[in-house]
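The following blocks contain the structures, represented as structure tokens.
Look for subunit A in each of the two complexes below; its partner is subunit B in the first and subunit C in the second.
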Partner chain A sequence: MSNDLVLKRNRRRANLKQTASVFFGRGPIVVISFVILLVFLFVSIFAQLIEPYDPLALDYTIDGKLQSPSAEHPFGTDALGRDVLSRIISGAQISLVTSVLSGTLAAVIGILIGLIAGYFGKVVNVVIMRLVDMMLSIPSLVFAMIISFVLQGGVLGIVVGIGFTMIPTYVRMVNGQVAALKENDYITAAEIVGQKKRKIILKHLFPNCFPSLIVLYTMNLGSAIMTESSLSYLGVGINPPQATWGGMVADGYNCMTTSPWLCFLPGVCVILVVIAFNVVGDSLRDALDPRLRGKL
Partner chain B sequence: MFSYFIKRLLMSLLTLVLVSIFAFSIMKILPGDPVRLALGEAVPEEKVQELREEYGLNDPFFVQYFNWVKGIVTKWDFGRSILTGEEITDLIAQRLPVTFSLGLPAFILGIVLGLLLGIVSAVDRGGIVDNIVSFFANLSLGVPQFWIAVMGVYVLSLKWKLIPLQGYVSPSASISGFLSHAVWPVICISTFIFAVIARQTRSNILEVIQQDYVRTARANGIKNSSILFRHTLKNALIPVVTIIGVQMRMLVCGSIIIESVFNIAGLGNLLLRGVTSRDYFIVQACVLLISFVTVIANFLVDIAYGFFDPRIRKSWR
Partner chain C sequence: MKKVICLILALIMVLSLAACTKGQGGNDSENNSSNENKVPNEQGNQSGQGDSENVDDSKKGGTLNIAIESDCTGIAAWTTNGNTTDLICSWPMLESLFTLDSEGKIVCHLAESYEADPDALTYTIKLRDNIYFSDGSKLNAETAKWNLEFTRERSKKAPNLIGELESVDVVDDLTVRLNLSSWNSCLPYGLARECGFMYSKESYDKMGEAAFEVNPVGTGPFIQTSWERDIKHEYVRNDNYWNGSVNLDGVTISIYKTALVAQAALESGEIDVWHNSDFSLNEMMAEKGFTIATGSIYNTTPLLCFNSVNEDEPFSDIRVRRAISYAIDTQTLMDTVYYGLGRSGNQFCVGDYYHTDEVKGYPYNLEKAKELLAEAGYPNGFDTTLTALPSQTAAVTIIKDQLKNVGINVELNIMELSTYAVELIGWKSGMLYHPSSCTPCVPTQLASMFCQGLSGQVLGLTSMDHPDSVDQYLKACLAAKNDEEQLENLRLAQVEMIDTYCMYVPVGEAPLVFVKSPKLHDDGINDACFYSATLATAWKEK
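For the complex of A and B:
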């Protein structure tokens, strides 16, 4: 290996170390949040293996339904006799799937539109920004609701619905950054030597937006989970019997006098995961680009 | 100022037109026949065709859109529900005051509390008050509103019997009834607004405090309170005004969720009913109305912003 490469590798390692030390340097709360997210990820990926029972298995017998927490059913059973722990695990999986898919969808579309709007400016920019304003004037929950309504519900409908609500933030952010970056001499130089527009956008402008995009993506995962659980609570999200955290709270609401934990536990899961995403997003922002503080 | 006003007004109108086209066309993309979807499979074909004719659904797209907008603009007529035939204008007239009577107090509560606690925690940076406020603000951003509402019902009405379980009493019928029914829903709707405003206020003040002119004022021996109120707050709160417009969106989301939890017949509930029963005229009307309110709020905020901050006006010239 040549000397140059070793140096490069060492520098990259030092950078990574520096970033990690700032990231975790914010105190135990960051570490806890990071661990929560790891557990959440692990549980969601291996949901089918971890679930002690089938989350959809019914048990209508008097003894089977609305059981209090016990050794057999650590979180008890719901009004239809389904094991709550298994349903929470299954709900974690659906939360992760919808948030990652919708977040990625929003990122891809939003970044592309933002790059185009920022680089070409003028009329293109005005048209795109008007459309963004229009989307922002419709509250996110309403927007997600009608999109998923048009797509007839289901996971696809929810993913597209939630994804669309998050596009405007990406467009605005990338547009603003590109508009500023474009003024740099190296972009002008690239233009003068005759590089293709596509290449300038993807190779020079896009990578420079990266730090803020990672932060936005992380935070959006949390808000997507929030929106998904709200939609499921309202009964316009993912269709039952699929277990969702929001849907479990809604189901539990009916038998709250006898079994309050049915509402309590899924809500706690939403809170832990959403706050963990927010905290990790905050720390990532500080580690990657401290100038963004207060702006994201 | 006048040209700024006109430009903002035109922009808002354009946004409204775009929203109305969006709200109208999105329902047209819906696969299948809307009347058939609303009435179900059991209804005979002739009945469906009759209704389609009556609602003007056989006209070309632009004729339908034009008629819809014309009805709203000239007669404030949103059309009728496919399912029940009720006038949507009447439904809105019944439900809008309900949503308003909960949303407005929540809005004011969230903003006032957010501003106050944001200022206090910025002044007390790193102290106990700051830590407590920051903790609650960050927590509020992570707690789903439906959950806090449901838990409140469990503790406050089932355990302690302090407030009624659910429902709504109009303030014109009984003030005390309204208050006891509304107190918890209002608090629940305001949580997000409070959190966002408090965080933003705090970070803005901390940013302004680092500015050179604040240091100069301090070096000149001006009193701390005077620096805070005259030099810092004036500049720090202007950006907060802009995000008040964004809060309108949160207010609507909160209202939809809370109206569902407490079974309150408001506008959010109407929209939800429209979506679940596939009554797409109701959905269209609600989306348009909600956006209308948001656009107006944003317009007012922009005007206020331009009024307070001359730099904004200049950038729009």
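For the complex of A and C:
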């Protein structure tokens, strides 16, 4: 191995170490949030393996319904005798799937449009940005609800609905970054040597937007989980009997005085995961952008 | 001399008192001689006015606060849909010609008596002589004719409930004759709810339609003073109520959209009555001492319906429909969804009067279900969909779970009301779970749903088979000239619908629930059914 390669690898390792030390150095909240997200990811990915019961299995017997938390059912059972812990685990999977898919959908479309708007500028920029402004003028939850309703709910409806509401955030960010980046000398140089526009956009501009996009993507995952839970709470989301955190809160709401765990526990899960995504996203931004370093 | 004068005065007083007492007794005996004109109230007076002195003062005063989930669609003849909240908001101020007793049979209310003549296709209704609207005008035959004709023309429910009414003749000052196009033995049932409400023509003419629409004038014990849509209705006592004095000062009907808030309001004493649609809370409220009024006549009859018209659907095969009927444990379903307040059933019916024991039905039997499915060519079941409203999620989740036992994989399709309303008429494939309401007059209800040639918002209009024999028996049932004939035709129709054609799975019957404060008495709310209440006699413990 040449010395250059070893040096490069060492430099990369050192950078990674520095970024990690900045990331975790912001305080214990970041570490806790990071652990929450790791648990969330683990639970979502291995849901089927760790669910103590089938989340859809009913137990209509009087003894089976609305059981308080116990050793047998640590989070109790709901009005149809289903194990709440198993349903929360199953709901985590739905939350992860919808948030990742909708976030990715929004990122792919939003980044592409943002790169075009930012690089070409002028009329293209004006048209795209005014359309984005129009999209932003519609409350995101209402927008997602309409799209989801048109697509008759389900995972596809939710993913497309939430994804569309997040597109403007990517367009705006990428457009702003590209508008600044394209004034750099290396872009002018690339244009002078006759590089194709597609190559300039994808090879020079897009990679330079990446750090900010990672942060935005992470934070949007939290928003997507929140929106999915809200849609499911309103009954526009995933069809029952599939467990979703928002749907579980809605189902348990009226039993708040008799069986508070039914809405409290999935509600707490939503809060923890959304906060964790925001804190981690915030810390990532600080770690990747030295100008914003601070402590939580 | 003074002693003589004193004696004479004392004698006059005694005689006056005796005369007064005799007068009251005379009225009572007069009323009692009629078979159907008793409208008792808490004070026991029949004609009412002038008896307020006898009323226990401790029962006087206070406001009755009722909570409902959503506001009514309307209370005027041409705006009401006759749904639960419409009828609740009508309780304080509107009364109908007939009402229902605890068994669900027709009894006269504003009418004194009625005569049915099936051969001449007429009903002759005699009105009470002492009925006054809250604006002081009298209810006479002319006003009744105006009301009935107006309702026939404008009421949304008229085609279903009094569709056969052709014209109304005034026979004398207190008698009207209803001329029908064809005989309908259930017509008085239609006149026991919104189609039988009597409104003041005088006020209608004076106020104009727009003002009358939101502030109609009836014969009830209260007068509406304000209506803030989606917030509350306020009513004050009608001091000239024709059926005796009224205990309460007023009534307020407020909208509590959230069950939890309504529950807290009831517990704190802010409201006295709550129309609760969340059955999971009833047991807890009963334990806390509140009264759970379910009524003797239930209101909801959930049905699992099949698309039997589409030849490509497995449901076009009667063996599949029967298999599904056998595979559903209706008792468990009703017990779970209605927390022990529902009753399972094998036919579309509420109450005992119209119930027939001749329907065999499909008692829960998984083996039989599997056998029938195998015979129909589905030994391993099949995939299908089940459409329902969000409020029915628990019920359809249980059905999905039970059908899994015979290999049928059901995908739930939960729809919002607006989409569901369209789907209800003609869902393209699979099944539909419909929490149908049912009037105590079961023949009217069945005929309005399963006869041929219907139009409008009819369940399964283009998705379900409407066999000739069912149509024939239901029409004969409505046209029956006596009770025996009516019951016999209904029996035949029920047997055809369930045993012969298995048109749907009748899951059972469920009540409307009103949770009432233990301090409220003699209100009559949901004693028999929710059509009317005796708010004139209601009183609250101080």
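Following the convention adopted for this analysis, the second predicted complex is superposed on the first by the 289 of 296 C-alpha atoms of A that agree within 3 Å, B and C clash if a C-alpha of one lies under 4 Å from a C-alpha of the other, contacts with A are read in each partner's own complex, and residues count from 1 in each chain.
Heads up, the rule we're going with is that a residue touches a chain if its C-beta (ideal position, glycine included) is under 8 Å from a C-beta of that chain, and two chains touch if they have at least 3 such contacts.
If you're wondering where the values come from, they're calculated on a predicted model, not measured in any experiment.
Superposition model on subunit A: subunit B and subunit C are shown in a clashing arrangement. When the shared chain is aligned, no partner comes close enough to touch A:124: not subunit B, not subunit C.
Once chain A of one complex is fitted onto chain A of the other, the partner contacts of A:278 are limited to subunit B, with no touch recorded for subunit C. Contacts of A:60 after superposition: subunit C is touched, whereas subunit B is not reached.
In the superposition on chain A, A:138 makes contact with subunit B only, while subunit C stays out of contact range.
In the overlay built on the shared chain, the residue A:235 is in contact with subunit B and with subunit C.
Looking at the shared chain after the overlay, A:270 reaches subunit B, while subunit C stays out of its contact range.
Looking at the shared chain after the overlay, A:226 reaches subunit B, while subunit C stays out of its contact range.
Legend: residue contacts after superposition of the two complexes on their common chain; A:255 is shown touching subunit C, with no touch to subunit B. Among subunit B and subunit C, the chain that touches a larger number of residues in subunit A is B.
Once the two complexes are laid over each other on the shared chain, residue contacts for A:39 go to neither subunit B nor subunit C. With chain A used to align the two structures, subunit B clashes with subunit C at 417-425, while the other stretches in 399-407, 417-425, 489-497 or 507-515 stay clear.
Overlap of the subunit B and subunit C contact sets on subunit A: residues 149, 235-236, 253, 256-257.
The part of subunit B that touches subunit A in the complex is made up of residues 11, 14-16, 18-19, 22, 26-27, 29-31, 138-139, 141-147, 150-151, 153-154, 158, 203-204, 206-207, 246, 248-250, 252-253, 256-257, 260-261, 271-272, 275-276, 278, 283, 286-287, 290-291, 294-295, 298. Per the touch definition, subunit A reaches subunit C in the complex via residues 56, 58, 60, 65-66, 79-80, 149, 153, 235-236, 239-241, 251, 253-258.
Partner subunit B is touched in their complex by these residues of subunit A: 130-131, 133-134, 136-142, 145-147, 149-150, 152, 222, 226, 229-230, 233-236, 246, 249-250, 252-253, 256-257, 260, 263-264, 267, 270-271, 274-275, 278-279, 293-294. The touching residues of subunit C, when paired with subunit A in their complex, are 259-260, 263, 278, 280-281, 284, 332, 335-336, 390, 393-394, 396-398, 400-401, 411-414, 416.
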